[in-house]
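Chain nomenclature is as follows: A, B, C, D, E and F, assigned in order of appearance, with residue numbering initiated at 1 for each chain independently.
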């Protein structure tokens, strides 16, 4: 039995439940999925500020459960993914990368559509970090908050359909990547309307993590992701108090 | 039951058997894998010339079995992958791309090691086409023929170990991608010697194709991969005879 | 006397004749041009599928006439150009590259205009392979079949003029490359209407091939384009029959 | 009077004092510099893990003193710089970028030399994010801990000299950027030995921040760096307790 | 006392006076600025032709005053900046690079707006040479002559505001760089209208040059910018007279 | 009769004669070649300083003979090529670009070998401007002056052979481009020793210019290369005298 821990880095119970639903629906036979979120932190991750406040608790989520076989970071902004990779040898998959790999195999160019206007350059940075800039046709953003995925899914679908059509017609995209963990379940509705494949990132993340676990591929500890040093006097608690 | 057809584009029975062994070992529960090779064509693909002679028969292999749920192209040179994607709506995975996605998720940079010296720029072109040039630390090639994987695996392992050490130490790679379908089973031996993850491309291809099938993601028919036109007078058989 | 063989990879007699007319008109003094097309294969190359079915016969056209001094591949999709370069030491020029070199010398940025909408990313790949992505302002495609160049040239010219104006005004192109071998003779008409240089690819191909022949530059056999190996048991004819 | 706050993201008192010494020495006339470090956190930042644990306290350092005119992030890994830019409209300068700008103006290509072997790809990512990959000749790393800058400066200088010579001779660098805030004061010694300019990042950071303040240039709040939303129920403290 | 020489490469007295006004207003305490222009040459630099005719006199301006501590080249086209760097060891700052560095520190992406339509690809080349192509959102040009900055500033401001809004809304820029030395003083007016930071290049140039001087950073003489050789018979005056 | 003017931008009579010899040897039938050099200026171009002093006289060489059909700029550093293109509508070919196009058609990757160590980054900039960075395997430089091509050709050949072998073996080049106009005639000797094609840039320049002339392709006057404006008061002769 393979056990995958899916971590929603924000603390929204609704989004965690939604992610869990998709993750369980896509858990292959023989894979147990547990979805959690940090015990404290921002209810949504809509800025770098949110990201940096969320990550220490994300790291704690990983360290609490070292015996899981793999981890999925269920936020398209992949907050702290490099730090997570340092704290465990188990494979760590960001839903961003997994969804881009899936799109890359079925279309020459794809676009990322997402909610927050302000995340445009952040998404661009993640695509670049993954190495796939040359395959990304465009990034198109609504101007709706992340949690609207839970509260007003119809507005989200309508908006994403509009953005996707622009991507297909003006940017020469041929498939669509949903750029938010909260969009679970919208992939089929959108794909039906558009007539092109649409990738659900949580589904891709769970399935791709399973692939790595089954292949016994672990995070490389050669250089960058070596475990952090246990420094003598490595942590100061109250320099100023 | 999901059915995946793995196509070895060359006609070597030994290599086909070897690919089949790996492919079956990595078929997830509920997935049936059938490995074939074309009925005619070059016994190994070691040049562009070989590739172009092999592809028409590879296409026939796909068209013969339209009811498979997905296809894996089991040659790191991914001969004809774009043409295969035009002839079917089922997902088509090249073992090259699948192995790079796996490496990308476990290491900041990775190298491709392979047999043929002459394939250096060909491998470079495939990495670039996949979009992952910025993540590839280097390509390093032995100067051995492809079929040496079958006839002299020990020479291959020793050679690959040397190349991999150079990649890790001089090129800052942190994981290794085996750049040939014939290297199945060498991943564990090499990984044990090197202490870094080593990706078997056939295993990655079969598993990643299953992911796409299970996610119901099909090849986009929006633009590039539309089915080829049935042209009136679309084929001339004997202009000069 | 220099002898150049121009190969139209499709089997359309009309397009072959049209290419021959342009090629002969641009043969420098002292150069004999022979234009042929394969004896069998698709009548037009409008997909990767067409390309892969055409190439084996293109290779045969090269091998049939080893004594020519140079070869021109007269299709902007340069089908099989790397394989052709493996089969001969004579210089092999694709009309795509030759037309881009010419445009590159007379304008800071240029655009490729062509017929088939579906070829957009294919053209992009050819520009990238040639290495000139940074100099290409845009690719703009009509949605007309390749053979419309023969049957409805007026529609082609009108469409190309519209695309070219968009390229000049919106994309900052300053010259136009005709992205199809069938557009021979349209360059002057289009140039007169637009007021910028327009490059005919077949003309560029024949003239650039002559340059290489006269400079005694042959295809490098150092690594990538070495002749394909004569493999023992290198070809299997009937594995399954 | 302009007031600049220099934040050392780690909690080493020695390194903070060392940074302060350089920062004050480079404060232009009319500029008051205050150097601080977080009250709690890792004593050195040698991994992504360290970075993510340090940043929340770095952000608190900025928020505690909103009336400063500008901020300098005194760690070459620029931990949390994007989040800092969201929390203030004052200019925020990372010593990494400032040192690269200085090098860029005095040499066609430059190299970054630093302590930690494991930070190689992290430095590469920072150069890329700054946009200057094409101007960076190489990154070369010792394998010494960050705090060795304080405890064994001679070993650091000797090591950096060796790396720098390799960069100048093998990588075609023409100037050297010191890739660690702890290397303050080593620039002149190294420059004297090498005969090329060597950039001290803390000095560059303080001076470049002053430039932005004097030019009244503030962080753009147009899109990416808008202040984080005050979300209703924006923070969950104890979901699980 | 630091002395900076600002060189306007064109010979317009009005523009030289305007540059001098901005340069003096931005000279830090303890810095004396002298602004000059060549004694002969084109009154504005609006083409490569103008640039090449202007540069010999620009070089003479540098050689006439070797005792200045630093030089600022006050034309966004940075005519002859590499040659200037060969003729002096003092730091030489182009206003183009200095303005891009400032924008880079306050916004994830920025656009350059300028007067001359014909300079579009020239500006692109300067951004690329500086190494910042990946951070530049777009280049947008009016179609007004350079000297209109002096004769019709209102038309310039109105035009730049329109271009800037397009850059912010369509190109995802978040700050604006003024791409002409003649636009001094327009930065605040434009910034007030747009609500984003606008960078004055002359101000940035003078301040950034001061930073380099105060840091004692000189032009590297390692390789590219070595002083030109005093060649035996190095100059022919009248081969044909 | 086509007339091509070849301009050697330096004033060395020996090098002009040497260039003329190659140029005439490669003039196609029906092409008259005239080789000149400026009447005054540096005897060799070994720095940006030399380049900028040479170009005004190069421009005069073009303007003196407007009736030539095409121009070849016979220096691999292509000094002032953009300015030359502004002053004439006739095609202007730099020997640098012509030699790279030729190499590009016969090898997947090629290297530039040249004399001056200091020109390394200058050559890199020219390759990038031509757009062919991705196809250039490496740049390798001797440390000999340009005129050594005339005075000590044997030392040049021996040095170039060594550099070329490094390029072929270490950098994966498959052809060699001679990066100096003075190396005329060395191509065959070097090619015979190396066993790979070696491109003579003057020969390539003359032949490629002829191609453009025969195709009636002229320099685009759409935007960048418009003729320089005749400015009212466009030139100041004696501001300070």
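Quick note on the criterion: a residue touches a chain if its C-beta (ideal position, glycine included) is under 8 Å from a C-beta of that chain, and two chains touch if they have at least 3 such contacts.
Since the structure is predicted, the reported quantities are computational estimates derived from the model, not experimental observations.
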Shared touching partners of chain E and chain F are C, D
Roughly how far is chain B from chain C, going centre to centre by Cα mean, in whole Å?
29
Could you give the separation in Å between the centres of chain C and chain E, each centre being the mean of its C-alpha atoms?
43
Need the CA-centroid distance for the pair chain B / chain E, whole Å please.
52
Multi-chain contacts in chain C: which residues touch at least two other chains?
108, 120-121, 128, 172, 223-224
Using the definition of touching given at the top, classify the network of chains in this structure as line, ring, star, complete or other.
other
Throw together a list of every chain pair that touches.
A-B, A-C, A-D, A-E, B-C, B-D, B-F, C-E, C-F, D-E, D-F, E-F
In their shared complex, at which residues does chain C touch chain A?
120-121
How about chain F: which of its residues touch chain E in the complex?
11, 13, 37-44, 46-53, 55-56, 59, 80, 82-83, 85-87, 117-122, 125, 128-129, 145, 223-224, 226, 228-229, 231, 233-241
Which residues of chain A touch chain C in the complex?
108-109, 172
Considering the complex alone, what residue numbers of chain C touch chain F?
26, 28-30, 91-93, 97-98, 101-102, 104-108, 128, 130-135, 168, 172, 174-175, 188, 195-197, 199-200, 203-204, 207-208, 211-212, 214-225
